[in-house]
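Both of the next two complexes hold chain A, though its partner changes from chain B to chain C.
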Partner chain A sequence: MKALRIAAVTVLVLAALTALGAHYIAPAGYEHQFRETPAAAPSSHHLLGTDDLGRDRLARLLYGMRVSLLLAPFAAGLATLLAALIGGIAGYWGGWVERCLMLLVDVFLCVPWLFLLLTVRAVLPLNISPEASVVVTFALLGFLGWAASARVICAGTRDMMKSEFVWMARATGFSGLKLIRLHLLPNLRGTLLAQFWISIPVFIITEANLGMLGLGVAEPLPSLGSLLGELQHVVTLRPEPWQFVPLIVLIVVVSSFQTLLNKQEVRA
Partner chain B sequence: MKRFPHSNLTQNRSRLLRGTQFLLMLALLVFSSAVWGQSGGELRFCLSAEPKTLNPLLVQDNQSETVAYLTSGVLLRVNRITQKAQPELATEWKVLDGGKRIRFKLRSARFSDGTPFTSADVAYTMEKLMDPTLHTAVGDAFRSGDGRVSAHVVSPTVVEITFAAPVANLVNLFDTVPIVSSASPMKEMAALGPFYIAEHKSGSHILLKRNPYYWKKDSSGRQLPYLDSIRLDIEQNREIEALRFKRGEIHLINIVSPAIYDKFSTQDRSLVQDAGPSADTEQLWFNQVASAPIPAYKLAWFTSTNFRRAISEAINRDDLARIVFRGHARPAIGVISPANKFWFNEKLKPHPYDTSSALRRLQQDGFHLDNGVLRDKGGNAVEFSIITNAGNIARESMATMIQEDLKKIGIKVNVATLDFPTIIERITQKFNYEACLLGGVNGDLDPSSQMNIWLSSAENHQWNPSQKLPATSWEAEIDTLMRAQASSGDEHKRKQDWDRVQEIAWEQEPFIYLVNKDALVAVSASVKNAQPSALRPQTFWNVEELALK
Partner chain C sequence: MLRSFSLGLLRLLAIMLLASLLGATLMRIAPGFTSDEQQLNSSLSSQSIQAIRQARLADADILHYYRGYVVSLFQGDLGVSQSLNQPVRDLLRERLPVTLRSMAIALLLAWFLGLALAITTQMFHSGFVTFASEGLSGTFISTPAAVLALLFVLLRLPAELAAGLLIFPKIYRYGHNLLQQSYALPHVLTARAKGAGRWRVLVWHVAPTTLPQLLALVGVSISIAIGVLLPVEVICDVPGVGQLAWQAAEARDLPLLVNLTLVVAFATVCATMLSDAARRRFTRAAA
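Let's turn to the complex of A and B:
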């Protein structure tokens, strides 16, 4: 198991480094169209070939990883923060506060995300740059993706509020922020981290789903989602293994997160 | 035991005779099959959605149009290959009073329930069609002026229809008028076409069966259609439709994408056909609505002819045709595709791809390059967004290629893919967009069918709709020319007017036409007599003659 975790960490570090260094490693700009060689097979010029518009697949994969791997943790952080705030308040106060906030959680869980995202995309300014659109997309995922985590954190906080060490702390005069800072947060750390790690692959896959619908990251900026889009055309899919590299990268990265996650969950 | 020789001889003769008879019958069967195609069988193909109506008079969507085409009888039909009108239920016709009246002589025929077809049915159809409460699209085409459209029954086989004012393209308009019965208890469901609707399972399929009373016969006197039935499966996913075609579950695909065309043609070239340039267009236009919520300096760019011409010259249409459509398209010249043989203005040539010329045109309007960024005379960097419909791969790709092309002259383009209803709302109601990339479907070849686009007062005059007065002199000239051609019965004069409209559209480029796509179709090798056309309905326009091997 330890070897597996080391492998997972290595994969994630490598992925993060290549994504961060995309500008230096990529053989061409992600948007540059080599129009004389569309849909080309791998060659010394294009190690993973080119897509249907003649763009270098390797360059697009590296920049796509940057978008997905850096912004998914950002969205996961945002979602965990909101979940901690709302779930924590609900669990700490209990009673009608908890009932109201859990009702809000239920409402959020019932909202059809896709339609909400479609609506939000429709009201965004049209002249928003691709870079801004990708940040907005992930921010939206973060703002909408906190509800399930909030329920877990609420349950954890509620249990903790009934525990003997919290009673003792309260009996000795701890209350409010001091109780939260010194007792609740340190003991909820495992749960919060687990929720954070769970959310990252979820957001990567959610963005991939949006990208396949053409609603995620705006052209010409690539993301893992938009790169996977071309695999959905089953009839016209050519038997060219290099087309599947983004899918393999996504599986490896999500599996690595999952491997680390198991450890975090055990701790939590 | 000895055999009696005579008996043997007789037996042999009898056998020989029977064998010869059998061979003759077999040869006849094979011959007849080769000439006519095997009678019977069920043709299958897909509709991309549920038809909105099965009433042929209320047709507006493509799916309802397909059902109506297969089941309805018409007075005359425009041949999709020759583009000429041919007799159907009317054996002859005469246009009178310069297009204000038309007289039809009808043939003897029966509806699918046996009800006889008479001139009263034509009069009834016209009355229904012009009913303002129904607001039929076909009826609108006949509203040439204020006043009623009346149909006079001269005799059971002669009918005369009078219009308020002369109607241009009067004869060909009857290609889209489905004749319904005035006397049948089945009302509009009684079919005069080759098939009638036998079964409709919502969301699943529509089954059409051969009309036993269909009037048409082939050259050898055999009753048409050859097919027993047609099954129209409702299938929204184009990929699944292609897979089903590949598995032999369906026989036709009316329009296939260039990618599917290439894939199929590498497997079996006989499966797909390129029927040549279609009449459909793909175009980009800028929002020129004065009240649109866009900055005034951008509106000034978009209303400038030089700006639009420069954008047009900076777009590499050859690359769009070669890369996005894999060579199954041609750079567009203008509003009319070369597929429209009569109305296409052959004097017009494609706009050249010339970035230097584009920059010169922009300089004439005070634009200048500043460190690779194009700025207007007020110093504003030239940047605009193009909206197109999410999920349409060809349009998304074209927008991305245009984005790259315009970067070469210092223009930043942002591509926004939106769902279709949102786009329609933006371009028809809120006008909160800058440029839009969409396509146009031209079902009718006549310029009168484009009145709703080119008249400045029209709702579909997309760059600046519903104008009270024409905003520009060239739009005023187009208005005059369009009205003149629509009320003239002189084809030569109409052609001159429409040629001039095409020239103005070419010079001003309110629509920047990008490519004319080819009509790519897939027809199974088991379908006989198919003659795919570039015009709709591409694969089954001669459905009564189609047969299965």
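Let's turn to the complex of A and C:
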């Protein structure tokens, strides 16, 4: 099992490095068209072949990894920040503030957020620029995916507010902000980090689902989700096994996250 | 008893109304709400296009729209779908049974597979079984629902099976962690040390401590199932509520989406409340 963890860490580090260095590693730009070789099979020039528009699949995969793997943490950070704010306020104040905020959390949790995301994403204008679509998609993931984390953080804050060291700090005259900065935040860091890491694979998968449904990142910018959209042609038109590479990459990366998270959960 | 029931009912109503208002507001604030694809239809006259534009603008004041919607809702009128031009009530009557059937099959499959694997892994402590269970759950938890649905279309397998396989890893992982914690409890260790058999330990010592928490997972699994069924129904062309939601989102059909949000919120909150009540009852009975 330790070997599995080491393998997972290695995969994630490699994926992150590949994503960061996509500009240097990729054989071509993600939108560069090789018009003389559209829909080409893998060759020494194009290791994963080209798509219907003649774009190098490997280049698009590398750039797609960069979009998905770098922006999913951004969305996770946003969701964790919102969760910390709302969950923290609820746990800190307690009483009717907590009840009202937890009702809001229940509202977000009771409507599966992929549903909400589809609703919002589908009404965005069709002429949105690819760069804007990336930001909007991942920002939406962050804005709609905070509720479950907020509940955990609220429970953690509530427990901490009842702990002896916080009582002692309050008795010695620590004000609200000082108490939060010096006692609550440092002790909640583990919970916040756990929620951050848990959110990343969830957002990668959600973006992939949106991409498959044609709602993710706009063309020509690639993401793991938009690359998976090509699989629909595999089913309907022609079997090209190399088109499954983005799916395999996605499964390997998300499994690596899950392996690390699962071990931490078990240890906790 | 009556007080807690009334409070629960009030909470349910508040969540449903807030959820549907949230859905409607998100639709409204998103850019492009007032535009309609039909405006691009060159066969329509300028009066028709103007009428479509006016109809869209009429819904622009979301509070006004929502007030009217709630009044109609209490009179039993769910409105008419803008895109399908059919009463929403009829659409829900057609689509809900399909989704409920898919959900029931998927949940049964997921719970059976998830618990069976969790129990087998915990009881037999075999390296191969653990590796296989972890590998299987890891693969399905890492596969986007839409991709698995697509593969099931390719293999001509039922959509419910895809949904079940997507839900099962969550039940397996939660169940496995719960069993691990239960098997480490002092009374379970004592029973094992005294030579109680595997099944006896599971049924008489582990199950009573894990069942209340598993009951709480029932409500959560329904929420997960709704989220999973949306892409599965779209890709597998299953005429259920998920596919209807997709069509409504594509067509920016506000009345249909608000009603669907309300139905989904109702189903999820009811399931959570029922499983919470069952868990409390079970815990009291066990105590």
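As a convention for this text, the second predicted complex is superposed on the first by the 228 of 268 C-alpha atoms of A that agree within 3 Å, B and C clash if a C-alpha of one lies under 4 Å from a C-alpha of the other, contacts with A are read in each partner's own complex, and residues count from 1 in each chain.
In this text, a residue touches a chain if its C-beta (ideal position, glycine included) is under 8 Å from a C-beta of that chain, and two chains touch if they have at least 3 such contacts.
For clarity, every value in this text was computed on a predicted model and none was experimentally measured.
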| item | value |
| --- | --- |
| Chain B versus chain C as contact partner of A:L85, first or second or both or neither | neither |
| Chain B versus chain C as contact partner of A:R35, first or second or both or neither | first |
| Which superposed partner A:L250 touches (first chain B, second chain C, both, neither) | second |
| Contacts of A:Q258 with chain B and chain C, given as first, second, both or neither | second |
| Partner chain(s) touched by A:P130 [first = chain B, second = chain C, both, neither] | first |
| Which superposed partner A:I180 touches (first chain B, second chain C, both, neither) | neither |
| Which superposed partner A:L193 touches (first chain B, second chain C, both, neither) | neither |
| Partner, of chain C and chain B, that touches more residues belonging to chain A | C |
| Touching both chain B and chain C, residues of chain A | 118, 121-122, 124, 126, 213, 232, 234-235 |
| Of all residues in chain A, those that touch chain B in their complex | 31-33, 35, 38, 52-54, 118, 121-122, 124, 126-130, 213-215, 218-220, 232-236 |
| Footprint of chain C on chain A - complex, ascending | 103-104, 106-116, 118-126, 201, 205, 208-209, 212-213, 225, 228, 231-232, 234-235, 247, 250-255, 258-259, 262, 265-266 |
| Interface residues, chain B side, partner chain A - complex | 239, 242-243, 246, 257, 259-260, 262-263, 319, 323-324, 383-385, 387, 390-391, 396-397, 399-401, 403-404, 414-419, 422, 432-434 |
| Interfacial residue positions of chain C with respect to chain A in the complex | 11, 14-15, 18-19, 22-23, 26-27, 30-33, 35, 134, 138-139, 141-147, 150, 153-154, 173, 177, 180, 223-224, 226-227, 230-231, 234-235, 245-246, 249-250, 252, 257, 260-261, 264-265, 268-269, 272 |
